[in-house]
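What follows is chain A paired twice: with chain B in the first complex and chain C in the second.
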Partner chain A sequence: MTLISVEFALFWLVTALLYFVFPLKYRWTVLLGSSLLFYFWNGLGTGYFMLFTVAAVYVTGLLLDKYNNEHKDYLKSHPDMTRDEKKALKQKMQKKKRCILSAGLVVSFAFLVFLKYFNFLSGQAFSVLSLFGVKGTAPKIDLALPLGISFYTLQATSYIVDVYRGKLAAEKNFAKMTLFVSFFPQIIQGPIGRFGHMAPQLFEGHRFDFREAKFGTQLFLWGLIKKLTLAEYMGIIADEIFGNYTQYKGLIILFGAMVYGVQVYADFSGGMDMISGVAQVFGIKMAVNFERPYFARSVSEFWRRWHITLGAWMRDYVFYPLSLSKAFANMGKKTRKVFGTYIGKMLPTFLASFIAFFLVGVWHGSSYKYVVYGLWNSVIISGSILLEPVYKKIIEKLKINTECFSWQLFQILRTFLLVSVGRIFSRADSLMISFNMIKNMFSEFNPWVLTNGTLYTFGLQPRQMFLVFLVIIVLFVVSLMQEKGMKIRESLEKQNMLFQWLVIIGAIIFVAIYGAYGDQFNAADFVYQQF
Partner chain B sequence: MKEKLLTILRELRADVDFENETALVTDGILDSFDIVSLVAELNAEFDITIGVDDLEPENFDTVDAMAQLIEELAD
Partner chain C sequence: MKNKKWLRSVAFILLLAVAFVGVSQCYGIPNSYDTRNLAAFDDEKEGTIDGLVFGTSVIGYSWNTPAAWQDYGMAIYHMGTSEQPFAVIRPFMDYALKKHDIKYAVIDVHGLRSKTVISSLKATKVRSAYLNFPGEFSRFKVLHAIFDYAEMAFEFYGKPKDGKYVNLNDKSYYLPLYIFHSRWVDGLKKSDFVTVENKYMGANDRKNAFGVMDCSGYLNLWDYEITGEIDGFQRQQLEMLFEYGKEKNIELIFISLPSFRTKDEQRELSNLIKFCNEQGYDTIDFADETVLNEAGIDLKKDFVNKGHLNSRGGIKSTKYVCEFLKEKGYYTPDHRGEELYKSWNKSAKAYFNFYENGWKNKK
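So, the complex of A and B:
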């Protein structure tokens, strides 16, 4: 049962009917039942992995909570403690909690690491061993990756870290914890929710709200348009260029990378819109995962707008803890002596960012190309910070006005270009192929391919190219309006009823006629579903 | 203390109007690199330890919130 199927539409409808028929207090049980049904229906018998993760974080949370409460109670019963005594107590408690947290994290990540990376690591280990004359075949596991494991593992572990930090009280109800981890719209491809944001919404029963249901359905429809009338068509071009990369050179490679960038945005953000739309019907607001990333003026800003929940997870649970750790602080002191104040101060932060982006890369898959994809972004972000004083001097010397539209446009296009080149690593079939493609990109200067009809040779008919162009224009205008603070659905709501219905029916007809679905193009697969 | 804090902030980001901004982190005016640099400066200047669990937007969205955090940690 994929997100784009009649079965899912019926499943969504039946879940909604049951949800609003049940007593308010027990409505969350409908979501739990549907989520488990959805998971075991789609999970190809891997549901027990997910339930094991739920059990691991549930127990870890309870144990951590016990120490949090002990700590609080002790402070309450000893109001005269000095600052140093409080500090010593905190350290003692943290030591105990850290052991529990570490065990919880190891158990929770074990399946993800084992199932996702074992074959790769085993293959690499045997390649190295073969250099020393060791013969044999690398052992492999032949197990389907549990549905959404990369997403739900991060979501589940964020909960135990937040309990460890004292931000949350542990959830006592195992069934509710299961719902938090397995909530059916988000289990497929996120967004990676936080317990503090999701739990109250999931567990509290919501009354039927026509406006929320209307907005949710509209958002679902908008996601469907992005997925079926843009992502799928762009995917055909990207597949042709990346699949036959040896035949293409110069600008065509860059064009392919940019097209893939648009494809993956329409696919992933379209999927997010659909998921958020489904949840909104139940009165649940999912975390925002995209904020018009292609309007970003720097790569670091891009990552604050693209896959926001993954970036925020890496920031809160990897980048900040590393940057503020004693080890990194000590490293900073040493590097300042060697490299001077500015660079020395920044180096530990760059290293933390480097590690976070390395993890972003490997989170996408077990291949060197993903490692390089992560590091490409890290190097650009760190490099741009390091070179900022140089840029400032150049801008001053050339008397460039940085407050005008043309400069902002330049920054946006530069960011798009840098991000697109990075995409070659993530989309190409291997790291070597991505290097070859980048080499080929610079091997020929062929701007005429943009105007001599070459663009029509990548698998799309002129009519389909026109359609794609039209959808991109609509997407651009909508994004621009949102960027200016306009709320599209609220604005549509203020129009006459006839106009509202014309827009909705028009959108449905548009996606029904022009959507790429069915046997020819498999619309069921979302790019991020595979991660 | 607030003056010292403002001096640190202005040295960190001369382009930001710290006295009037009310959503420094929420609006992305200060990014994670800025926050890490700022925390290192504040820890050294005020002899405090700002932990990871203190890195909430509401503690860094305004100068007053930062001042309050420093006061609490210095107690």
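So, the complex of A and C:
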């Protein structure tokens, strides 16, 4: 059952009806039942992995909570402890908790690593062994990847780290824990929720709110428009260029990368809108995952606007713990002596960022191309920080006004360009192909392809190109309005009812006619669903 | 206040449904020669039709309603479609019976040839047959009949693997927009907005209505012995139809109109006719040279291609069938001159003008 299907629409409707019919206190059980049904409907065999993960984090959470409470109780019952005694106790507890946390993390990530990376790792291991004359075939597992495993693993592990840190009390109810991990709209492709944000909303029953239901449905519709009238069409062009990359050179490759950038944005953010819309009908507000990333003026800002929940997860559970760790602090002290204060101060940050982006890359898939994709972003961000003093000097010397629109536009376009080039690594079929594509991109300067009709040869007819152009304009205008702080749905609500209806009915008919679905199109799953 | 919101929601959904239905109508299956007679069935005044004709494109070429009307005053409506799935006959008759006192149905058996059974289950043929069916809700009855038929046929003959065939789980049959919305790329035409015009009552007015192909060389294809039997699927389908006819008190006449197939295929058709005859039904097999000669069909001039008659041949075969019906005593009153049939006079006149001009221009 995909998000864009009649089955899902009915499933959503029935779940909503049941949810609002059930007593307030037990409404979360409807969500749990629906989530499990949805999950097992999409893969009966692989559903058990998700339940194993839930069990692992549930038990880990309880054990961690036990030590947290023991620690607190001990401090309460021994008010006369000295600072050193308290410190010693804390360290002792930390040690025990760290062991439990490590075990919990290992078990949780083991499923992800085993199911997602085993074939890749075993293949690589055998390639290395073959260099030493070892012969044999790399063992492979032939198991479908459980739906949303990359998303729910991060979500589940964030919970145990937060319990470990004492930010959260452990959830005592296994069923509720299961709902937190498996909540049906978000299991598909995130956002990667946090227990502190999601749990109260999931477990507390919500009364039917007409406005929330209306807004949720409108958001779903907006996501559907992005997905079906933009992402799918852009995908046709991107598939053609990336699939037949040897035939294309120069600007066409760059065009393909940019088109893929728009495709993946419309696809992923469209999916997020649909997921958030579904949840909003139940009165649940999902974490924001996109904040108009293509308005970012630097790659680091882009990552604060793009897949925000993944970035935040990496920041809170990888970047900060590493960069603030004792080991990194010591490394900083040592490198200061060798490379000077500035680089010595920045190096631990860069290394932490490097590791975080490496993990971001690896999270996307088991291939070297994803590793390079992550590192490309890390290098760009670290490089721009490192060269910031140089840029400042150049800007001062050239007397560039950095406050004006043209400079900001330049920054936006530059960021889009850098991000698009990086996308070649993630979209190309392999790392070698991505290098070849980048080589081909610089092998010819052919700006005429933009005007001589070449753009119509990538699988879209002129009318479809016009449609795509129109949707991009609409998306741009809406994004610009949001960037200026305007709330679109609230603004629409203030208009005359007839106008509101015309807009909504017009949007539904628009997507029904112009959407890339049905027999004529091979409508793909969401791009991020595969991660 | 709360009630007001609910009322508004209902009004919104109704408005959306109206918009959706409107758009669906425009983005339905394009009209064609094969289907407009079906789509225009509801235009006929209540109680005016005595008999129905069913079949594949063979009947589309070989049956000429204006000829049956002009020369005999017979009110027989043509409900055939290209490669019409045999299964639609019963629900089509059910629908016709709501407004008309149908006395008999003339059924061409080409659709029950084992090869045609499968090819009639191509998604395009299925859509063409049921989407042009006039009753909005009766369409689903037609569709379900096709699904049941397909299930049985695929079980008996096996389902081809090329993916063009009816998928029994495909919900898009209920929502044609799902398939046809992509027509926006080619642009909508006037015919997508205006009502179907059926000015010649489904008579052959195709571009090739006046084409001629000398088929005398194929006569040997009709030279075979009728041996063997019909298969289990064909028997089952025919028996279900016999049962239906008895239940609804509709007399059935089975015919095999002129077309040149392979000898095996011709034999299969003749076996179907033979089986119906053995069950006590009146039959006509145009592969019988005597019948062909009596009908006056000229193999050199009356075919447009191997499989179909041209408009001249179609009139001859129609007249033969009409004579047969009269001779056998079916209910065939002459309705010419009756007030209710004014439109039939008009259509016949228009068709014969078209027909004569067509042949004149051909010369």
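As a convention for this text, the second predicted complex is superposed on the first by the 526 of 531 C-alpha atoms of A that agree within 3 Å, B and C clash if a C-alpha of one lies under 4 Å from a C-alpha of the other, contacts with A are read in each partner's own complex, and residues count from 1 in each chain.
In this text, contacts are C-beta pairs under 8 Å (C-beta built on N, C-alpha and C of every residue); 3 or more make two chains touch, one makes a residue touch a chain.
Please read these numbers as outputs of a predicted model, since none were measured by experiment.
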item: Chain A as common anchor, with chain B and chain C clashing or fitting; value: fit
item: Touched partner set for A:344, first chain B, second chain C, both or neither; value: neither
item: First (chain B), second (chain C), both or neither touched by A:385; value: first
item: Angle at the Cα centre of chain A, taken between the Cα centres of chain B and chain C once the superposition is applied, in steps of 10 degrees; value: 160
item: Touching partner for A:513 - first (chain B), second (chain C), both, neither; value: second
item: Touched partner set for A:323, first chain B, second chain C, both or neither; value: first
item: Which superposed partner A:83 touches (first chain B, second chain C, both, neither); value: first
item: Touching partner for A:505 - first (chain B), second (chain C), both, neither; value: second
item: Overlay on chain A, chain C to chain B nearest C-alpha distance, Å; value: 37
item: Complex contact set, residues of chain C against chain A; value: 5, 8, 12, 15-16, 19-20, 23, 27, 123, 171-172, 177-179, 181-182, 184-185, 187
item: For the chain A and chain B complex, residues of the former touching the latter; value: 83, 165-167, 300-301, 304, 315-316, 319-321, 323-324, 329, 332, 345-346, 349, 352-353, 385
item: Interface residues, chain A side, partner chain C - complex; value: 6, 210, 461, 463-464, 497, 501, 504-505, 508-509, 512-515, 517-521
item: Residues on chain B engaged by chain A in the complex (per definition of touch); value: 28, 31-33, 35-37, 39-40, 50-53, 55, 75
